[in-house]
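Look at the two complexes coming up: subunit A is in both, with subunit B in one and subunit C in the other.
Right after this comes the complex of A and B.
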């Protein structure tokens, strides 16, 4: 912006210059003196002509607009928290902290406790991580360290394609393919071999906690493995070369040179996967069996926080029932918020905030 | 590398060699095990789905239970309406937020925005569904496509924002400098030069680990617009709007 006081008094020099013959290429020295000859105000005038006066205002307006869209992210979080707290007010008042350790979920008598759902969420997510973590790290190691270069993009693309499948489709597949498979082959085998643990008792139904854990594991693998892969690629090549130069085998190189350096980022990826597993709704709802009781056996049906909301929300019988469901939603929100925040901080400590790592 | 002669001449104990092969085997097995469900799901959908996919399925309304025929036109239209309304709000706001992060957000406040949108990205869709339910459905006293698209728009913002930022960061700085040097105002540079370059670069070489903003989770939409009689019913089961033309990860998200 040019202040008005600097309005030039002489007409712009450039306008009066006659075009020079093409042959007369100015030397560097000539060009320098010519540049000096153009007065400051004339230069400003030239800028002013090509650069309309309003562009400063436009830029400021654009900046403010963009800032507003950025702030909308905070507004969304505030809006969610506000709505959840105000709608769960009845149960927050009626049950207080007891809501979280009460076993009863009895909409008819108006007695609500979230413990079966918290238990279901924790067990299914833990089971999912137990299955998914070794697999995802294995895939990430395979892609970054062992895979032939040409196969590398193919494998990572296929793994990430898993994340593109909508969760209802996982649910559908789990109900029609995975559950019968579990019921007919895997559960009887588990019951025979691992009966003594007490985790695999009861009738093999197919659907239940085990099916939910497996389907969650499949859904979580692409997240953990893509972040692990990013983190592994971030490990400097010298580390690998140094360990190899000491005579390590490939596995020793991966263990000492790569995995050890990347462990914080891997943990971050695992927690991010946990965040997804905790909140996953549709697929879990379709296979977990929807029973509001706590059972030690993994064959038994259960319910998670997300699935009970999905199942009962649109048929909630009264204000208290609705408020109880919203309070479960509030708890779920806070838990995933904390889990995600933790994971982001861990991942960022390796890649930096603008790193390509995304979930 | 391990096959190179210098390593081969060193005597490696049987135990170490065995561990090495075991680890390699495990990694390969893991890759196969992970890709297996993907193939299984695709095959299952193809085998079971293709035979019932015909023109009527796409263009007719559902028939009452027990009658043969009918389609799911209402669900497809419902998805289209919800997606269109959500995109109308969610994509501009998301792109704006992404522009802020990439062009102005190289500071502490930008990091806070980035962090919040990443965290928001991880919030289960069902929670967003509840919040929108209590704001819109409770007040309107009925379920609606509008409520569904509001929830979808909220879910789109953080995803679109981070994708836009990533795209813009791929644009080399000299392009911006060249535009600014020509006297083009910054807003114009951002919108017509950086964004355009970015979208082209995006199409050619999409970073592997982020989702197209169109891959949206179903939970919230189902929760809010679930009603048998609702004219615009979102698709509760198989096809939720996944933009296959550009297809890619989501995350997926």
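Right after this comes the complex of A and C.
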């Protein structure tokens, strides 16, 4: 016999319902099915009554703690943005919007402009994408479609290993291996054959925009390829079978059946890779040549936003110099934030927040 | 066992308290870091209760920390400007400790001899006006060297640096064009060239790029076996940087009372023109009297017994007259 105090309280709205048999342990799921009739607090009260040891205080404390940790993440980001804006106030005030298209970077005379760095960041990142995208999509297609099953985990592991290498190691490798290679073999060959484009003029130094683009491409390949692999695997098998049934060749099947369906996800992966390339500091600053000028040639040295901050921040003389560097940091932060948000939205539109494919 | 462990820990804590170790915190220039490390280690051996913690974050950082009062002393390759001194919460005395020289190091394929460089040539190269090693201006001064037809690649510092300050200070003095185009500073707008991070970065780039020229501290050129040229000084002599010529540069200059002086392009027949002091920034009225006294003793010890150690590490010691003046000033001004 169940004592009266342990019977579920029937709210007045469902007075005409036939009383349901009461289980000894009413669950929230049961409460959910009776959603219209039972309020959440009533369900909690049921739990509290049947589980005398779980007190409301513990639950509330737990909820508050989790809420606090979630909010603190946003709070940290908001604090960073606030500091970036407040510390760059002198240059925001002195230059305004002119800062973003001014070519000068003159700490002695106090004239600062971010254009060479924005140019350098964009050019090196897009060059990296140009080189990395065909490579990563190729790797992903190979691993999902054409690789023998036994080799699949090995190849995918090796590609992911690239992502695990610290960027300063990439920088050192670029300085000691890539730059001499470029200077002695690749750049003279490019200058001889592609000189008419105007992109390969100037003395072959090894270091410069081309070296930075190549090293960024290598760093970005694992990101794009792993996301591409995920979206390619997520394409339902019946798509592939349907295209094959229509008489397509293997390449046509991959192109029409798989890549076409996965293209939004691939674009999302590309944008994520772009986000990494935009923010990369150490590897780039070692090989880009650190010259604060804009040049059409890929052989010429340049500079990126992250690189100039890393180089000049600790010894920045004068408040205006420091504020200019912080403002460049603010610009970089906003660009990376937008790019990453865009990528997330795009990837979620095809896979959904749970990660499963929406048919 | 736990009980005896607790006893041991208590005794250890009490002993630590009894030893009363004081830590002096300093921050600043990277150039004198090797000699300062040696000095502080030697001083600690002589006085075990004093521990000195020096962070080589750069001259700019050192000045800023001293201004804010977050460190006990600072170090810088370029003296504080009048504005920086006015803005500083803490009044400091600039104590020159050692001398350093900045050398024009190059990598000319096929040339291992010493190339003579005049101020005009140096300014021309760094302004981007002289672009090839076979230029007439260079060959005129070096008739006996076969200079190749090779593009000149200028290598400068990508980070702010006291070495840049010394070099651009020299260029500003000897070239009005340079003064207008770039001026002097720890971080400037370089007309041409690629940047390397730190003396090591520039040295590395010079080694790798054929036809390159850059400016590095003498020590780096010696340790990395990079060829460097002699520079014509104000008396018309071509002087190669060495410990003697660097000390000679300081000897000919009249020292002001606050020791903030530039000794680039000095008078003197044997003086090397691109040299500079490096300074310790010592607060004249330190907040912590005990630490202030320990610091004063440390500085006087360095000026007295530390100077003979410097040449082993390829730094140039202070000339005797300068050292005497500095010691007198420290005794008088640092309370």
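Heads up, the rule we're going with is that the second predicted complex is superposed on the first by the 298 of 359 C-alpha atoms of A that agree within 3 Å, B and C clash if a C-alpha of one lies under 4 Å from a C-alpha of the other, contacts with A are read in each partner's own complex, and residues count from 1 in each chain.
As a working rule, contacts are C-beta pairs under 8 Å (C-beta built on N, C-alpha and C of every residue); 3 or more make two chains touch, one makes a residue touch a chain.
Note that the coordinates shown come from a computational prediction; the quantities given were computed from them, not determined experimentally.
Engineer: Mind working out whether A:73 is in touch with subunit B, subunit C, both or neither, as first, second, both or neither?
Structural biologist: first
Engineer: Name the contact category of A:130: first (subunit B only), second (subunit C only), both, or neither.
Structural biologist: Neither partner.
Engineer: Does the superposition put A:314 against subunit B (first), subunit C (second), both, or neither?
Structural biologist: A:314 contacts both subunit B and subunit C.
Engineer: On subunit A, which partner's contacts cover more residues, subunit B's or subunit C's?
Structural biologist: After superposing on chain A, more of subunit A is contacted by B.
Engineer: Please work out whether A:292 is in contact with subunit B alone, subunit C alone, both, or neither, and reply first, second, both or neither.
Structural biologist: second
Engineer: Let me test your reading of the model: by the given contact rule, A:107 touches which partner, first (subunit B), second (subunit C), both or neither?
Structural biologist: Second partner only.
Engineer: Pick one for A:177: touches subunit B only (first), subunit C only (second), both, or neither.
Structural biologist: A:177 contacts subunit B only, not subunit C.
Engineer: Which subunit A residues lie in the overlap of the subunit B contact set and the subunit C contact set?
Structural biologist: In subunit A, positions 314 sit in both the subunit B and subunit C interfaces.
Engineer: Which positions of subunit A touch subunit C when the two form their complex?
Structural biologist: Against subunit C, the touching part of subunit A is residues 104-109, 175, 179-180, 183, 203, 205-208, 285-286, 289-292, 301, 303, 307, 311-312, 314-317, 321.
Engineer: Could you please specify the touching residues of subunit A with respect to subunit B in the complex?
Structural biologist: Residues in contact with subunit B: 47, 50-51, 55-56, 58-59, 61-63, 65-74, 76-77, 79-80, 83-84, 86-87, 134-139, 141-143, 145-147, 153, 155-170, 172-173, 176-177, 218, 221-223, 225-227, 229-230, 244, 247, 249-252, 254, 272, 275-276, 278-282, 306, 309-310, 313-314, 325-326, 329, 332-333, 336-337, 339-341, 343-344, 353-354, 356-359.
Engineer: Once bound in the complex, which stretches of subunit B touch subunit A?
Structural biologist: Residues of subunit B touching subunit A: 1-2, 7, 10, 12, 16-17, 19-20, 22-24, 26-31, 33-35, 37-38, 40-41, 44-45, 48, 92-97, 99-101, 103-105, 110-111, 113-135, 154, 157-158, 161-162, 165-166, 169, 183, 185-188, 190, 207-211, 215, 217-219, 222-223, 226-227, 236-238, 240, 242, 247-253.
Engineer: Give the list of subunit C residues in touch with subunit A in this complex.
Structural biologist: Residue list for subunit C touching subunit A: 57-61, 151, 153, 158-161, 182-190, 193-197, 204-205, 208-209.
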